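Okay, so chain A shows up in both of these, paired with chain B first and chain C after.
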Partner chain A sequence: MDPFLLEALLNGVLLGGVFALPVLGLNLVFGVVDVVWLCYAELVMVGMYTVWFLHTQAGWPLALAFATCLPVVAALGLLLHLLVVRPLLSAAPINQVLATGGVLFVLQGAATLVFSTDFRSLGVEMPPMELGEVFVSGTKLAAFVAALLGAAALWAFLKFTYVGTAIRAIARDREVMPLMGVDPRRIYLIASAVGGALAGLAACLLVVQLDVHPFVGLSFGPITFMICVMGGLGNMLGGFLAAFLMGLIVSTGGFWWNTEMSYVVAFLFFILVIFVRPRGLFAR
Partner chain B sequence: MSGASTLELSGVHAGYGDFQALFGVGLRVEPGEAVGVVGPNGAGKTTLLRVISGLIRPRAGTLRFGCRDLAALPAHELPGLGIAHVPENRRLFPNLTVEENLRVGAYAKSARARFAERRDHVYAMFPRLKERRHQLAGTMSGGEQQMCAIGRALMSGPRILLLDEPSAGLAPLVVKQVFDLVARIRGEGLTVLIVEQNVAQVLRVVDRAYVLETGRVSAEGTAADLAADPAIRRSYFGGH
Partner chain C sequence: MKGGVLLAVLAALATVPLLGPPDYGMHLLITALLTALAGTGWAMMGRFGLVSFGHGAFLGVAAYTTALLWNLQGVSPWIGVPLGVAAAAGAGALLGYPCFRLRVVGHYFALVTLAAGEIVRILVTALREYTGGSLGMTPDRAPPDAAFAAMQFDKAGFWWITLAAWAAGLLAWRLLDRSMSSKALMAIAEDEDAAASIGIRVTREKLKVTLISAALAGLAGALTAQYRMYLNPESLAGLGISLQIVFGAIAGGMYSPIGPTIGALITIGLEESLRVAFGTEFTGAAAFSYGILLVLFMLFLPRGIAGLLERRRPAAPASGAAEAGGAVPAAQPPG
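Take a look at the complex of A and B:
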């Protein structure tokens, strides 16, 4: 096979792994709380600034900055739920979307105020690795492995713990949960914190690949939402698979045409999916 | 220890919005008893169970379980106190396996430590569930789902089991199996409060019953007396 195509395919898989984390986080929160966090990419942006600030400004070791990023963004997810989502739980869905959309602008504005609109680089790059006849970026490979580990940890949490099982149950039947001894409000809090932690992990993986600026969320936020809808909102496995599909489309699109065109192709594919399978590619 | 876990309702009024479903209902279930609540569709039977398990707050009246005032507690704390409710239409989690449904039933802190022991007990009681432990609950037959729903309720280690229309939507042969099952649960010394439209069947497995009509208790008595009552026979047995 053409080594350039092979490289494009490989990069598509690696990209899919990074898309997968925010997709899983959004789906988790939507499945449990039934509210779309429109500001999800901006939570990731805050996480990226957290890592950048702690590492380059405060001089913390990178590993420690990463480890701090997760609880910081998890706490942000908790605050988002307590201050914005919980008061609107019984409000019309459009109001919930508008409120989390408002948080998007607040976070962008706050980041501009604190860090200005400069592009900030972490300045970390791992050497490229040779796999057979193609070269892949060591940074991307490490990010991919970390994304898979994060997804696996989430899967184990949902599959094997009492709280995780209750999270999967509540996504199907909210009203019956108190009869099981489950306080739904507590499950909402836990899901919001875990959703935030996933945004934090995504931030760690993205900040080594992208410069951070207040509007960096625009470079992966829209595609994250597209992937969620393609996989079926709330469908974790569907979203996970759709993330890789989208990664491959974007990456091979860049091989056949160019990078700008590849996002056009991805968007056209998304529109096609919405027409053909409006409830998601993997809806049953 | 008599009365330690007696369920006692008096003067309970309850409803949804403008609609009132219960008008001053009183009821008593002693430990070890099996009590039925029978009556036509829309009499308020499901509302009654939902009030007891805290899903609906009573507008007036008292609800006591032993020395606890149930109306003062949030619904999710009741399974930990020994009240388990098998809801109408079973309400299993269809996307979870049989065993995962049982795990959700053991969510209460007090139940987690005894998960394995109780699960094995449930499997011993319903070998069918053990065979299907890794199957998605939504793919099982109605009778198997009812077993799973009862098993899930038993996972919290209840002192009283509330059963809402366990025979609804099941084939006649399966209905008989479900009532045999209720009789077996009774045999283990568990207190049972069962709400049913299938009056003839339920009177075979309970000690006493209340007749609920348009939100009021219109009659009560032992199962034998009610089964022999001409008015009850005319309303609920005749023609079936």
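Take a look at the complex of A and C:
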């Protein structure tokens, strides 16, 4: 096979891994709390700034900065739930979405005020690795592995812990679970924190690949939502698979055409999927 | 608002440039009115539960059509703007028809429009040979004697054009409200299946209101570009501007024809006062305050400022019906 195409395919898989984490986080929150966090990519942005600030400004070791980023963004997720989402739980869905859209502006504005609109780079780069006849960026490969580990950890949490079981149950039927002695308010809080933590993990993986600026969320936020919808909102496995599909579309589109047009192709593909399978690619 | 009152208000507003206001004041008024027009267009469909996160796309399609026709073909904006508006309506139909036909609603509709808005933004950026990409483009200046033909005026001239466009938006709102379509759309917003079962042609009614909405947004976009003499993809397409349109309409109140205009006055006023207060840091402060306000509005005043005014007035039978139909159907309380 053409080594360049092979490289594009490989990069697509790696990109899919990066998309997968925010998609899982959004799907978790939506599946459990039934609210779309329009500001999810901005939570990731805050995480990226956290890592950048702790590592380059405060001089912390990178691992410690990563480890701090997760609880910071998880706390932000909790705060978002308590201050904005919980009071709106019985409001119309559009009001919920617009309120989280307001948070999007708040976070972008706050980032601009604190860090200005400059592009900030972490300045960490791992040497490229040779796999057969193609070269792969070491940073991307490491991020990919970390994304898979994060997804596996989430799966294990949902599958093998009591809280995880309760989360899955409440996503299945939110009327009956309270009757079984599960406090939905507590489960919502936990899901929001875990959703935030996943955004934090995604931030750690993105900050090594992208420069941070207040509007960086707009570069991957829209496609994250589309992947969620393509996989079926709330469907974790569907979202996970759709992330890789979208990664492949974007990177092979970049191979055939150019990066910008590859996003046009990806978005058009999304619109077509919604027309043909409105409940997602993997809906029964 | 009664027709007579509206005409009197329009006549009063038309005399504004004759009072010799400062240029800066005129600039703010024109900008606010153009923002109001875009918001009116959005709310036209938003109030029936057709929430679009991609209205920026319609601004962009119309603005770039007008500007490219002028720069590349020398077509006067007097012809270019209507063509641009038609192109925006066409884009609305292209997006709306399959959506409505295939019953894409709610979150799904919002995300499809979001994708469409992003597509337009990226296309404008990618076609940089013609559009100047993200650096933007400027329509060519016409010589002074041809300025009128090129729709390049001073502030007063633009004020009158903008005023006419804004009034057209309100007129469209009024005509829609008095037609059977608005009743049909209210029924559709409440329950699409039930509406279809009593013989309402759901796809057709939705498409109609989408065309009007896209055309008004397109008009706002084309005139904005023509007024500023500068176009760029960030301010005329994509998620950012689309959310700003939504914010203005929601803050003002999307169920009242005057609501989006109130919202535009608030957003422009806020942006300018923050700019004066914070100087160069204004972009961050403005976005920050927008966001806080948007959250507060959603929490405490989901019907916007106009909703506040509504409640004080005793409900006439006609506005009572609008009240009932316009209310957003409440979601099932979770848990």
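Going forward, the second predicted complex is superposed on the first by the 284 of 284 C-alpha atoms of A that agree within 3 Å, B and C clash if a C-alpha of one lies under 4 Å from a C-alpha of the other, contacts with A are read in each partner's own complex, and residues count from 1 in each chain.
Heads up, the rule we're going with is that a contact is a pair of C-beta atoms (placed from the backbone, for glycine too) under 8 Å apart; a residue touches a chain by one contact, two chains touch by 3 or more.
The shown structure was predicted, so the numbers you read here are calculated from the model rather than taken from an experiment.
**Student:** Quick check for you: in the superposed arrangement, does A:P3 touch first (chain B), second (chain C), both or neither?
**Tutor:** So A:P3 meets neither chain B nor chain C here.
**Student:** Using the superposition on chain A described above, determine whether A:A110 touches chain B (first), chain C (second), both, or neither.
**Tutor:** After superposing on A, A:A110 lies in contact with chain C but is clear of chain B.
**Student:** With both complexes superposed on chain A, which partner does A:P222 reach: first (chain B), second (chain C), both or neither?
**Tutor:** second
**Student:** State whether A:P61 touches chain B only (first), chain C only (second), both chains, or neither.
**Tutor:** The answer is neither, since A:P61 touches no partner chain.
**Student:** So, A:P178: does it touch chain B (first), chain C (second), both, or neither?
**Tutor:** both
**Student:** Quick one: classify A:R168 as touching chain B (first), chain C (second), both or neither.
**Tutor:** Only chain B is touched by A:R168; chain C is not.
**Student:** Of chain B and chain C, which one touches more residues of chain A?
**Tutor:** Looking at chain B versus chain C, the one contacting more residues of chain A is C.
**Student:** Once the shared chain is lined up, is A:G138 touching chain B (first), chain C (second), both, or neither of them?
**Tutor:** In the superposition, A:G138 touches no partner, neither chain B nor chain C.
**Student:** Return the residues of chain A at which the contacts from chain B and from chain C coincide.
**Tutor:** Comparing the two interfaces on chain A, one with chain B and one with chain C, the shared residues are 178, 184.
**Student:** Could you please specify the touching residues of chain A with respect to chain B in the complex?
**Tutor:** 162, 165-166, 168-169, 171-173, 175-184
**Student:** Help me check something: in the complex, which residues belonging to chain B touch chain A?
**Tutor:** Interface residues on chain B, with respect to chain A: 53-55, 74-80, 84-85, 87, 91, 93-96, 100-101, 103-108, 111-112, 152, 156.
**Student:** Residue numbers of chain C touching chain A in their complex, please.
**Tutor:** Residue positions touching the partner: 49, 51, 98-99, 102-104, 106-108, 110-112, 114-116, 118-119, 122-123, 125-126, 238-240, 243, 246-247, 250, 281, 283-295, 297-299, 302, 328-331, 333-335.
**Student:** Show which residues of chain A lie in contact with chain C when the two form their complex.
**Tutor:** Going through chain A, the ones touching chain C are 33-34, 36, 84, 87-99, 101-113, 116-117, 174, 178, 184-185, 188, 214-215, 218, 221-222, 225-226, 229, 233, 258, 260-261, 263-264, 267-268, 270-271, 274-276, 278.
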